[in-house]
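What follows is a group of structures, each given as structure tokens.
Shared chain: chain A. Partners: chain B in the first complex, chain C in the second.
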Partner chain A sequence: MSKFGVFLCRCDGNISDSIDIDRLDKDFKRTNVVDSDQHLCSLQGQQKIKKSIRKHNLDGVVIGACSPNNHGKTFRGCMRDAGLNPYLLEITNIREQCSWVTDDRKSATKKARDLVNASLQRLEHAESLSDFRVDVTNATLVIGGGIAGITAALALAENGVKTYLVEKEPSIGGNTVRVGKVFSPHKMVEECAMCSLSPLMNDVYENHKIELLTDAEIANINGTAGHFNVDVKIKPQSVSERCTSCGECAAVCPIEVPDWWNANTRKRKAIYKPFPQAVPDRYTIDVEHCVKCGQCTKVCKSDAIVLEAEPSLRKIEVGAIVVATGHDEFDPSLRPEYGYGRFKDVVTQLELARIIGVNGPTNGELLRPSDGKPPKRIVMIQCVGSRDEKPHGLPYCSSVCCMVALKHANYITDYFPGTDITVLYTDIRAPGIYENYYRHVQEKGVKFIRGRASDVKLKGGKLYVSAEDTLRGQCLELDADLVVLSTGIKPSHGTIQVGETLGIELSDDLFVKEKHPKLEGASTNTKGIYVCGTAQGPKDITYSVLQADAAALEALSLVGQDYVLIEPLSAFVKDSCNGCGMCVRQCKNNAIKMVDRRATVDPMLCTGGGACVHVCPTAALDLHGCTEAQLEASIRGVLAGKSEKEIRNIAFLDTKIGYAAADNIGAARLRYPPSIRIISVPSVLRLAPQHIELAFQLGADGVFIGQGFEAESCGENFESVETRLNDLSKQVVQRGIDPTRLKIYRVYIPHFVGLHKRLMQFDDKIKETGEIEEELTTP
Partner chain B sequence: MVPPEANLSLNARNLALAYNSGYTNVVCTCPTSYANLKECIGELNDVRTRAAINDVLKAVNYEYKGGVTVYHAAEVLYSLKEILAERAKFSLSEVNIATHHGCHYTKVFYDEVTGGLWEYPTLLDEICAAFSATLVDYSERSSCCGLGFSHLIDVDEYTESTSFRKLESVLAEEPDLIVTMCAGCQLILDRFQRQFEDRLNRVVPVLNVSQLVALLLGADKSRDACLQFATIDVAPLIEKMEAV
Partner chain C sequence: MNQEKESEIEALNPESPTFEFLYKKENLIKCLQCGRCTAGCPAAKVFEDYSPREIVRRAQECSEEELAKDPLIWLCGQCYTCNSRCPRNNTPASIILDARNKAFKEGWAPDKIYKNASLLFQSLESNGVTVSPELFEHDLGLLSKLVDHNKLTTLRAELGLPPLNARDIPVPTKALNEIRTILKLTCNKGGLLNDH
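Then we have the complex of A and B:
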């Protein structure tokens, strides 16, 4: 028979004033080794525990003290020091859940005795577990070489971490290369984007800790936080590093295709250099359009061109990944009323950026595409595809288009005076100090009309924009020499693709979803994978760069460790698995995979909520730390010794939020009757109808389920948790349980008073209804 | 104008008739009927509405059970355009056409428009192009013909000014023909040209796409295509249609 130790803390009266510790000491001594101390958490108290474990060669320990949220770690350390597995410890919360909330000493002592007994019962089923150790690969992967990816890669490399920067285009730089100017609200002028970007790009090239893989895409990935294996697919490298960028090849190339780097406002050759400051600094062949005529190879003096180059596969190992795959522009031809594609002088803001860019198609002169004449009147249409709920539209605000329109309006007024500019807007969104910029542009005479344009027409060779001035209630028809569409921002094709390859969660709008919108804005729902820039949502360069640094810091804190220890509180599979795959579909964390027709849990990905346990038809799944046996023992334990007329209600609370809120109730010394008994579960999704049924069979009068809002629940969002709880409740009712005896409540930590109120109401109601009739058959 | 219950009951009866006859695909030549029938089907998908309307239909021994689809005739021509073009007796290769799609087709079930997008439908253009026509764009392409239903009765001014703007913009592009898919649009665009004769310096015939396709397939001009009802003479157009 196992020999257990029970250690009771007096907590300097916090516990012992309400609970008769001496009495409990005497009671438990009959079958266990018992000791108590004024402060078990003090060094002396810890010594006492350790000595006792060694002296009596204990098999397990129950500590009756404050909440495990306070000193759980300390006491597990004692176990380890004394040579006992830390998972053979049960902590009974006799302070927050007993002495601080119970009025009279007799009831408190009785409740404390019951709770310690329940812990002893649960301890019978405890298992020795060891932490999982994953050796961390001190390297990172940044996917996407735009301003966000470049920033993240530099931050990582400058901290000494080997970093792979993967970019699908032949040069890094991304959209920042194309925007030409960036807005600067402090100086009310536009700054050169390339002047900020180019030095960073050169830093990337020169940093020996960064390995740049251009023309490359992620083909496959497996592994877990700390160690990922990644396959990178690299397009044929037809131009080698011997290229001197002389440009003679492009001069003889007969193929012309639209140039993406110039927003298709000019043509480039099939062999080309994306832009003068490109990194890597060399020409490249667009294999899709190259006809392999061989003209370029004849003129190349450096012998740098290999027309028959093959694609290759590069295998890399990294500890963490930063996703910076950026955005695409909304396709304006999906709003045909604006005439994009039909009328040459309807352009997007990005195309306008190229037109006024000194390295663009007109060398910086403001000339319209149709006839190359300077436009006198420009109309800008905001929210093209943004804030648009019609088919193909983006329902959200693209967040930068207002500022982009203001930037171009300001620049044009400065450099091409006399140009008349009207902006048709829905709402101008110029948050924070950008408001100053907005006012500045207004004062310079740019006109702003609140109203969405209905269409753009060509009449007598001239463009007209129809719109309603919603502030004046007037319909307008504005003539324009150039119409500029402020198109929305949508997730790039690469973002959606990488999301799928990496198995990370995407938002409804298909951007990469951040783990927590306030607190963990650069983490994804997959451990070890971080996100920054417009891959995560529309944002300007300033915020992209800030988020990139945040993502890099997160990645650094992971790869900076030699190894990561993972608490082994994950699901595990028993021999009875028949490979049906139900659990694989259940797990939203993708932690369960089929290996040789058997479910296998990746403990690094499992968040230990236990939602999978009861979907298994052969009962082959269980959860370390809260096994079926342990959970059942807890239910039996808190109901044991119930007298005939006594009422007992079980409150299942999730560990992270529900239980913590209950601790707050104790800390605030709010009172509740001893009839309420709390059982902590990793997630309420761990609960199955049979657990609730068992509780009633063993004499529970009511069951309260409190699920923390935003609590980790096996990767499920709150809505789906709620749906599952409703299902659970329905199933329980089908099994003949009176629905009024079951209560599901949503817990917020700050509103612990609400939890207290609900618990009290529930307890009162059950007491009014009287004790539950014994109507259920025993299993 | 018509109470919703009456509208629903009447159309539930008609749809039930179609269902019972075994011809479960209803094709409308009128975009308003098309939109109204589709609206009714949507409403009748609601269990409670359907039960209430079926209560009404009991009096005439009908029951609406669903199972009927609604298309516009132009959609059918669109889906068959390649086959029809192969069988055509005439070609439009010398004909310039301006199209007008009609609001009740493009703006009610805007996400179900066949061919193009609701703000710039190309359904009629693609049918005409299949017979080698040249399509002309015009600035008021997406404007209403002017009929505006009750406007025609209540507000003459609205109808006249809208129609004039529309016709002025079409005629400026000098097409040989205006093609519509709506009897109302056709009527307005055809008749009002005479009314505005002194303000417009030329006229152009207006045909429904069904009439045009019939002519191209070799149908009789008056018995089948009813060209005698056109206000603007169609003869110059017929001359331009080349036999193949």
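Then we have the complex of A and C:
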């Protein structure tokens, strides 16, 4: 028979004030090795556990302490140190889910005893597992060559790490190239963006640790933190490195298309150089528009043009990835009332940036598009597409547009004196030191009217902007020679695409979601993938660069390691597999493949949710860490010792969100009756009708299933999780269970109070309904 | 039918005790007071005191009764431009419609509203046509600024069309009977017109 140790923590009264630890100590001593401590997590406490494991040659350990979310790692470390497999450990949560939530000492002690007993039962079925070791590849991939990606790549390369910088355009530089001027709140002047960017771009080109892949996109990725295999698709390279940038080719090219680098304010040829400081410094062919007339090949003296070039695929291996895929501008023609696209003199701030840019369509002269005359009156409309909940709108504040308007207003009053500028704003957002800039622009006579413009009309050849001066309650119709729309920032097409390819979590607004908004702002929810710049959300250059350095640091600390260990909590296949392939279709992570007519799980790709386990008709699949036997033992365990007339309800909560929310209930010292017994499951998709049925057969009076609001399991989205749960509920009801005894609820961590309320309501309802009828057949 | 729909229909019935403001007041709290509604409002351009933005502000603060008794609510033309402009998906015109319904039912609406409503009712009942300008000639007031009697005729002439009065087009008997049934079931049954 196995010899188990039970270690109980008093937590300096946090546990022992509500639970009679001495009593439990006595009870468990009959069959186990028992010890307790004021602080099991302290070094002394850990020492006690380790000594005991060695002295008694234990086969497994139950620790009754705080939530495994707090010290799970610590205690598994103890096991390892004492020479015992860390997966032969069960942690019973007698603090957050017992002592902190139970009113009277007697019931708390009884519940704690039951829970420890359940853990002991589960421990009988525990298996020794070893972590997967992944050797770390000391190389990184940065996706996106804007100011954020450039910064991250340089930071990584300067620390000696081989870095691939992938950019979909023919040159790096991104949106910073197009904005022309950048605001400088200290000096109250606008500085040249290219003057800051160009040296960095050259550094990228010259750094031998950086391999620059332009005209390139991510086609496929697999692997895990420490080692990713990435396929990079490279567009046909029609102009080779022999190009001397002489420009003869563009001069003869007959095709003209709008120039993205100039915000479409001017035309470029099908063979072109994006901008004079482009890196790599050479011409490029826009294969979409090139008609292959061959004029350019005739004039090229360096023989650098290959019209029939083919796309290629490059396979790279990296340990970490930084996503810096940037943003796009909101399309103002989606707000037709502002007349963009209908009236020539309605432009965006980016187009204005090109107009006043020295390398722009007017060589830096402020001239309006319709007749090329200098505008005397300019009206700027803020929040175009931002803070807008209408279809296609961006519900958030784009955070930089106020500063962009101030920048342009300041520049124009400096260089084109006599120009009258009015800014129609909803709220001016110039946080921190930027307020100085706002005040400065106000002092220079730029008018600010608080009111969001309704529409722009063209009457008698003149533009009129309708707005309300909301501070005076007066309707205005402002005439304007030029209307400038401050369009919002939205996630770029590339950001959404890369998000999908990499399988990283995106926010509701489709930006890449950071792992923690305050503490881990440059990490994503996928280990080994980091994010920076506007791919993560609207922000200015200053913050993009700061975040890029943060992302590079995170990536460095990963690739600096020799290897990483991955928890082996994945699905596994038993001999009874008949090769039907049901599980292969179920797994959305493509972790299961057929090898020799037998299912095989790739533990690196498996996320350990367990949705596949019960689709197997021959019960050949199981999940390490939450096997059928372990799950059944837990159900049996929490229901054991149920006395007559006693009500017991099981709450199955997913580990990541539901269980964590239940811990928060404890941390807030909200109370709930001891009849509620929580079982943690990796995902609610792990549950099958037979588990629920078993719970009822063993005496559960109610079953509550709580799935995390944000936790998606086994690659399923929330809708399909919900469908699965509804099916589960239907099947359980079909087996003759009163539907009021089964409750499914969405949990949301910040709203743990909601989980508490639902648990209480459910418990009340079951107490009202009474004990489960005995007509259920026994298993 | 789902519950929400049922309660909506219940609330629509003027006889129902739960007849209430249909407009979801919870949404009003999101108003930015950005003034986009007023900036685009045709009525606000004519009537200086009238501003849908201020109606929303009042709706956030005052009671339904106060809002329903405010004479300004009768200046809205129900064109719903405010709806298409609001970045937070509010609809001042709907708030106003609710307030008008309340006012009309409680007898707080200005006398001319009842008079006009009964003219409208008569017009609908006799020949199935709702509005035609000459019905309201007695009461154009400030609206005369907006309504140019000759404009429609001029415009039609410019387009090479003969002058036409909407009431000249006969409404088919079947449709007219349906209109009369609707009137019977709503206006008459609700007793909205009888008291005035």
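By definition in this document, the second predicted complex is superposed on the first by the 436 of 779 C-alpha atoms of A that agree within 3 Å, B and C clash if a C-alpha of one lies under 4 Å from a C-alpha of the other, contacts with A are read in each partner's own complex, and residues count from 1 in each chain.
Just so it is clear, a contact is a pair of C-beta atoms (placed from the backbone, for glycine too) under 8 Å apart; a residue touches a chain by one contact, two chains touch by 3 or more.
Owing to the predicted nature of the structure, the values given are computational and were not obtained by experimental measurement.
Engineer: After the alignment on chain A, I want to confirm one thing: do chain B and chain C clash, or do they fit together?
Structural biologist: Superposition check on chain A flags a clash between chain B and chain C.
Engineer: With both complexes superposed on chain A, which partner does A:475 reach: first (chain B), second (chain C), both or neither?
Structural biologist: Only chain C; A:475 stays clear of chain B.
Engineer: With the two structures laid over each other on chain A, which partner does A:584 touch: chain B (first), chain C (second), both, or neither?
Structural biologist: A:584: touches no partner chain.
Engineer: Have a look at where A:426 lands relative to chain B and chain C in the superposition and call it first, second, both or neither.
Structural biologist: After superposition on chain A, A:426 lies in contact with chain C alone.
Engineer: Touching A:336 in the superposition: chain B (first), chain C (second), both, neither?
Structural biologist: first
Engineer: For chain A, which side has the bigger count of touched residues, chain B or chain C?
Structural biologist: Between chain B and chain C, the winner on chain A residue contacts is C.
Engineer: Let me test your reading of the model: by the given contact rule, A:464 touches which partner, first (chain B), second (chain C), both or neither?
Structural biologist: In the superposed model, A:464 contacts chain B only, not chain C.
Engineer: Is A:390 in contact with chain B, with chain C, with both, or with neither (first, second, both, neither)?
Structural biologist: In the superposition, A:390 touches chain B and chain C alike.
Engineer: Once the shared chain is lined up, is A:452 touching chain B (first), chain C (second), both, or neither of them?
Structural biologist: second
Engineer: For chain A, which residues lie in the overlap of the chain B contacts and the chain C contacts?
Structural biologist: In chain A, residues 337, 390, 455 are touched by chain B and also by chain C.
Engineer: Please name which positions on chain B make contact with chain A in the complex.
Structural biologist: 110-111, 116-117, 119-120, 137, 139-140, 142, 169, 172
Engineer: For a test of understanding, state which residues of chain A touch chain C in their complex under the given definition.
Structural biologist: Within the complex, chain A contacts chain C at residues 337, 383, 387-390, 393, 426-427, 450-455, 466-470, 473, 475-476.
Engineer: Would you tell me which residues of chain A are touching chain B in their complex?
Structural biologist: 334-337, 342, 390-391, 455, 457-460, 464
Engineer: Report the residues of chain C in contact with chain A in the complex, numbered from low to high.
Structural biologist: Contact set of chain C toward chain A: 32-41, 44-45, 51, 53-54, 81, 84-89.
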